[in-house]
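The following pair of complexes shares a single chain, chain A, combined with chain B in the former and chain C in the latter.
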Partner chain A sequence: MRVLVVGNGPVAHRFVGALSARGHTDITVLGSSRGRNRALVPEVLAGKLSWSDTVLPPWPEGVRVRAGVSVVEVDRRRRLVRTDCGRVHRYDVLVLATGMRHDLTTVGGGVPSALLAGFAGGQRERSVPAVVLGGGVDGVRAAVALCSSGRRVNLVYRQHLPMAGRIGDGGGRHLESVLRERGVELWPHREAVGGDGRTVVLDDGERIDGVGLSCAPPVPNTALARAAGLRVGTGVVVDDRLRTSDPCVYAIGGCAEHVGCAVGDPVAGRRQAATLAAWLSGSERSYRGTPRVSRISTGGVDLTVLGPDAEGVSGEVETVFYRDAARGRYAELVLRDERLVRATMLGLPRGSAAVTQLFDGDRPVPRERLALLLGVPARGDGAVDAHGDNVVCDCNGVTEGQLELAWLEGARDVTALASRTRAGTGCGGCADEVRRLCALFTAPEESVWSVNSS
Partner chain B sequence: MVRELVVIGYGMVGHHLVSTLRARDDGDTWRVTVLGEEPCHAYDRVGLSEYLRGRDASRLALGDGFVTDPMVRTRTGTAAVAVDRSARTVTTASGETLGYDALVLATGSRPVVPPVEGMDLPGCFTYRTIEDLERIHAAARAGARSGVVVGGGLLGLEAANALRVLGMRTHVVEVAEHLMPVQVDSGGGGLLNRLVGELGVRVHCGDAVRTVDGHERVSAVSLRDGTVVGTDMVVLAAGIRPRGELATAAGLEVDDGGGVLVDDHCRTGDRRVWAVGECASVEGRRYGLLAPGRAMAELVVDQLLRRPFVAFTGADTATKLKLLGVDVASFGDSHAESDGAVELARDTGDTYAKLVLDSEAERVLGGVFVGDTAPYGRLRALLGRELPSSPEHLLR
Partner chain C sequence: MGTEHGSDVSGVDTHCPYCALQCGTRMWDTGGGVSVRPRDFPVNRGGLCRKGWTAPEVLRAGDRLRQPWVRNTRGVLARSDWDSALDRVGKELRRIMAAHGPDAVGVFGGGGLTNEKAYLLGKFARLALGTRQIDYNGRFCMAAAATAGKAAFGLDRGLPFPVTDLAQAEVILLAGANPAETMPPLMRHLEDPELIVIDPRRTATARRARLHLQPVPGTDLTLALGMLHVVVTEGWLEERYVRERTVGFRQVYRSVVHWPPERVERVTGVSAAEQREAVGLLARAERSYVLTGRGAEQHSGGTDTVAAFIDLALALGLPGTPGNGYGCLTGQGNGQGGREHGQKADQLPGYRSITDPHARAEVAKVWGIAPEELPGPGSSAYELLDGLGTSGGARALLVFGSNPVVSAPRSAHVERRLEALDLLVVADFVPSETAEMADVVLPVTQWAEEEGTMTNLEGRVLRRREVLPPPGEARSDLEVLHGLAVRLGQDPARFPTHAPSVFDELARASAGGPADYSGITYQRLDAGEQLHWPCPETDRSPHPGTRRLFLDAFAHEDGKARFVVVEPRGPGETAESAEMLWATTGREAAHYQSGAQTRRVDELVETSPEGTVSVHPDTARRHGLVEGGRARVSSARGSVSLRVRLDSGMRPDTVFLPFHHAGAARANLITNPVLDPRSRMPEFKVAAVWVEPLVEEAG
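Up next is the complex of A and B:
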């Protein structure tokens, strides 16, 4: 089976790696760019990596890779593609991994890669302030990363709070104070109208010194698919098999649009790559969509957003809020029937990891939400509260609530419970029940930590 | 030898002071004269809105007015107009002079009247005394169909309830973004606004009255945001100002708002003069709730009787009530203003519960409950103490 991949970014790389590992030998990759991992850009902005460090690792042995080559036409009838240097490549299976258009552009000109090289530059370049345009997750991430490299940073956005659409006002206010504390200068309710590489001009006439960096939401590269007559919405529309409207053509990563995930979600792209490789190798695994995850983990800011935007939730839900203004921590968990619908967590790395696992696995959230968020063991008062008044030991009139209290006060096994409450010291008929409850009281402390299977 | 105590003010705190003194003064060492400005004996001002249901003042009366107690003289309808601290006398409006060995100021407060054009038109009422309620009731009987309450705090909501009992279309105007801004936080406030709105009360938060309009009487109220509300009456519940004029005239210190400055024993600068209740400014802080006032009264009584006492520690500002049919409760640091305080809140759409904990999330500092106040009792008992189990367990 001749597999032809258009695109040489990280999703294509993941796909080819998985496919090759499953024994496929006839793989060709045609990519127009150098082949970089865009997810590492924040580290470049933070000054921790150089631009050359973002180049992808080597491709597997035996894979034919042509970089700097543009595919100009897909001929689906003849099952071939034509490149800009006139060559023709035939395929049995075509995989589009054309990604998204540059999400970092300068205002006032400048090629992005040269710009980024400048941003990652030495001390002299770092004295030039940055003006980041866009208050979504990409803009906030870029601002935080640049700030951590010692640069003076401004963040300009149209809304009243950063990431307001994604995390709502509550989360937005906390994020705003975390950004301010890090020294990011905030310019809400504004947008840029021009710039010349040294100054950025805003719509209210304000001028900010610095190089403008535009972080508008990236846009899927779908021109090729559209020209080939494939179904395209915002991205190239694919089904649960990641197949486009042509059964021999697939699409994965930033250019693809699946009903179950937000377009351009990087986590989704990697999952899709793995799923497609398995599918093409005969597995029955299908892609069901990836719940949306937005992460910023750079420059000392830890933000995780799971699920739809704050306004995208309706119906009967329970919301749990946690606020620790002094430490810059905030969490908002939206639950339906004990399961997460969406979540925002700021400054809570351990809790975020645990909650993300629960979200990924669509598992019920334990009752001790505070302990979960803080990443500490639960206090062990379990799920038996609703039955607190149930009498367990009839002979001595001991209720579940009394046993629970005794357990909390240190009676940790059946003997201690019996000695403390007299439960089980009559006819002994409740012994099994006392034993069961004792195990139940103990269990919650472990359950918070046993969520790491995936 | 019997000594003379004069208490100026016969409200709930003045009454509590006298009744506590009489209960603890086994040797009858103090003879008491209470001067009350209002024509009636002390009554339950907190339950005032219920007065409109039966208009039976005797139902609200506190105690029996000490009529059978030979050691207490109650002088209703008698205002004190001056205090002479060197002669140790109090002069009343009728010219009478009373000598004292000890003097307690329990003069309470007066309603704040915002300096808004039209506030003096007929149809504007304060909301504090039985007389105020009688006037409001008369206006309703004379045909008033709707009323605007200025102020959405505890008092404003009580006034709104009174208007509802009278069958009037009711509006509440409040400057803060939500009702009961002192006791309830913004999370609970949104729900409170909604629940009160569902009862048919029109809530205008984040707004204020610009003018009261009308020719010979109130006909409308214009709000700052431009809305004009047609109305037959305006009820003021926009705050209270302490009545410290007697103290000022007698050369005693008052705070910026006019509250009588006292230490944590409720003593003024004159060792024979105390101040309690809403008129007192304990080390610069004033309290508008009944519980702190009663605590102050008891501590003065213990000093008068030379019994051991505990200094005033800053009030128990816990509140639990059903206002307009909505359950609301709040205690401690409900706005998480303590250094490093953390908050855990749960909003189910119909109920809101928030726990304020210390920075280690171990000690209870405060709480707010709207819509369901069941957890309030056990959590309030834990104020300042360590959580015995998870907060979720306690909030269930």
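Up next is the complex of A and C:
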């Protein structure tokens, strides 16, 4: 089976890796530029990685990879594609992994190399101020990442609050104050109309010094599919097998639209890649969608948004709301039948991880909601105390009563108590407690207050 | 430093028979039995856990095997005598080998056997039987860490430093280890260091930790990659160490940059913030260690998981740096020595490869045979068991010191394979579940009734001493192997029964190998010397042993450690619906391994009488389970019936089953025998299961 993959980003890489691991050998990959992992851009902006680090790891041995070629036409009838250099590639299975258009451009259209120098950048690059254009999750993420590298950062957005559409006014206001605290200068109700690589001009005539970085919401790359006559909505429409309207053509990752949903979530892309590799290898696995998760965890800002946009929930729901403005914490969970429908969590990193997993696995939310949000162990809640009747030494199962009996029988110090009861001879963790009890048996009135109980 | 003493009026110094810590104890003959007390020995500093205190009870267990048993024509095990039993085994083995070749006989050893027994068992298999088919239960225990350690450092010794070094650490990362319950006296060394514990359960060890990372079972490798990403991107990389002492970092860097903590968080459930916190703690410390246990190792990606933790340790510059390091906490009593002396399918004594022509020639010389007479590598433990009674598989199996009916994965299937054998011979000191299935049961001695050596988790060779005569007609395994070898036509002198003689031969056979024991003698051990291998024989003053490995160089030819690129594959099976849970298995404080010993000690049985399943209270409520009620836990392999324990320290998506119990409560009825491609370790630590209440039958 000749498998031809158009696109050489992380989703294509994952798909080819999985397919190759399942023993497929005839795989060709065509990519228009060097395959990179765009999900690492925030770490580049934060100065933790260099731009060259985003290049994907080597492809599996035996896979033919052509980078720097663009596919100009898919001839579905003859099952072949043509590239801009005039080459023809035949296929039995065509996989479109053309991704989304993420323009990492300045206002003028060039590459904002000062911002993308990342780890490799010098003092000069690192001190250039940044003007991030776009108040969506990508814009906010880029702004905090840039801010953590120590430069001055401006965030320009059309709405009244950052990420307002995604997290509503409550969350947006909270995020606004968190960003201000980080030192990000906010420019609401505005957009950029021009600039020259050193200055950005806003629609109200304001000029901000800095390199512009456009973070418009990414758009699925569907031109090739559209021209080939495949069904296209916001993305290339696929079914539960990741199949397009042509049974020999599949689409995965940011360019694909599954059940009306095209999300540039790398997790969704990887799951689609794994599912398709399994399906093409004879497994009955199907793709059932990936819950939508927006996540920012960089530069001390921790934001998680799960599920549809703030306005997208209706019907009978339960809401859990938590706000601790002084500590920068905010949470809003919307539940139906004990399962998460959507959530916004800000400043609650541990809880976010747990909540995301529950949402991802469609699992019910624990009863101890506050413990869940804070990410701390819940109290007992019906669990029986494993220690039982006053066990002092877990390793040897010695109770307080046994220690007292041994004391009454003449074991008057810790060594004697240990020798008679074995208390404290295992891990030694109860040594202080045995000492306290020994003192208590010896002089009950005085020692009760003078020693610290653990 | 502790010293060892021989016998004197106030008792005899020996070691606890159970885990790899090998706590120093002193025992007394109390007339008809023995009693033990802990002594001030470096690994336990006067401590001993409940199992150790009560170990003498196993010596006088009511159903202790005292004479050979042979299955009679009515299919019932009946009392027999040594000559009849050994004659029968010898005759059957000869018949099977004549008809089907030597590989039709398999040998299954154990990590609790002394070095002498492990060595002689390997020699017996390769020489007297001429079979390739020998492996041991350590494959279920140490194989993944051993494979990864060898690949990274060129040598695998559980801890390449003495246990006592740990006490000086500032921070210790424990990946999948719960020593507070499984190895309590070790905690005496962990009182001062701050602990970071990775475990899907909030264990007794996790409760003492500064930081507990609680990942989804089966995602430890991914978690290690996230932590490594933090090291390389947030300025914690020990660049000079990496440059001077390692190779392969560049490839690992290229791969691990693609695992930022946010990506890892989604897979593991461990927040990016906690990953960063853990790395910060480890990296800021002047002295820190990364230790792995079975929780990280018993996976179908076990070797890769350990490799990822070793990569993390290397990036932080820990291994081979004084006061820092990577180590694995070995499980079984002689889990270390057991893997060095040739009872492993692919190995010869001295921890040498059976496919290495030089090693074959050396060992063949000691054994007085031509190298071509040595068989090649055989199948790994589970594959050996899985093939029993099938075409191409063994038709006879000799089991020494192991109870695979309880301890092997997918145990109902293993039971059926054992039933399909023409001949099952079990040497043990109690009628284990595997012994009960045998055609011939041979009663053997245990710790207080024999001389021998064990090698503990830090590679230190220790003496075990005889205080009591064996009960009834029980004989040492060495005598059993001698008796069988003679019946197979071997020269009796090739199979000595005197432990010190076997040790001397073992030492010679190990000379020049990675685990070189040739400079170690009973005399030196009895004089109290603290000898860690390698300890080669020298012409001059005796070699002092090697307490700390790798300080100058790693064991690869160029002296450098290897970074290894690994990618997570995930567990062998996935939960197909949100109603399914993950099951993980492990040990509890009161029992040891298959429980064959500890289930015979009243005090331990009282503490932990039956198989249990620990469930988060919310999960219990949702599945209709109550504390103390019964539950059925089912996987694609089978079902197990257990008592419910509510535990709010569980992840709501995970249940925990201790694996010490027998019959319908065997945790291994549900475990997945999918194997790690590199180490052949089965996946004990993660299975997708259904959990439901079980109505207790009246009466």
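Here is the rule we use: the second predicted complex is superposed on the first by the 367 of 454 C-alpha atoms of A that agree within 3 Å, B and C clash if a C-alpha of one lies under 4 Å from a C-alpha of the other, contacts with A are read in each partner's own complex, and residues count from 1 in each chain.
Heads up, the rule we're going with is that contacts are C-beta pairs under 8 Å (C-beta built on N, C-alpha and C of every residue); 3 or more make two chains touch, one makes a residue touch a chain.
Computed from a predicted model, the values in this text were never measured in an experiment.
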| item | value |
| --- | --- |
| First (chain B), second (chain C), both or neither touched by A:266 | second |
| Touched partner set for A:10, first chain B, second chain C, both or neither | second |
| First (chain B), second (chain C), both or neither touched by A:39 | second |
| First (chain B), second (chain C), both or neither touched by A:48 | second |
| First, second, both or neither for A:378, with chain B first and chain C second | both |
| Which superposed partner A:370 touches (first chain B, second chain C, both, neither) | first |
| In the superposition, chain B vs chain C on chain A residues touched | C |
| First, second, both or neither for A:408, with chain B first and chain C second | first |
| Common interface positions of chain A, toward chain B and toward chain C | 367, 378-379, 381 |
| For the chain A and chain B complex, residues of the former touching the latter | 316-327, 329, 367-371, 374, 378-379, 381, 385, 408 |
| Chain A-touching residues of chain C, taken from the complex the two chains share | 38, 46-50, 53, 179-180, 184-188, 191, 202, 204, 208, 216, 233-234, 253-255, 257-258, 260-263, 265-266, 269-274, 565, 567, 575, 578, 589, 603, 607, 616-618, 620-622, 627, 645-649, 652-653 |
| Interface residues, chain B side, partner chain A - complex | 187, 336, 339-349, 354, 359, 361, 387-393, 396 |
| In the complex, chain A residues that touch chain C | 10, 17, 37, 39-40, 43, 48-49, 53-58, 266-267, 293, 295, 297-298, 302, 349-350, 352-354, 356-357, 360-364, 366-367, 375, 377-384, 386, 394-397, 422, 425-429 |
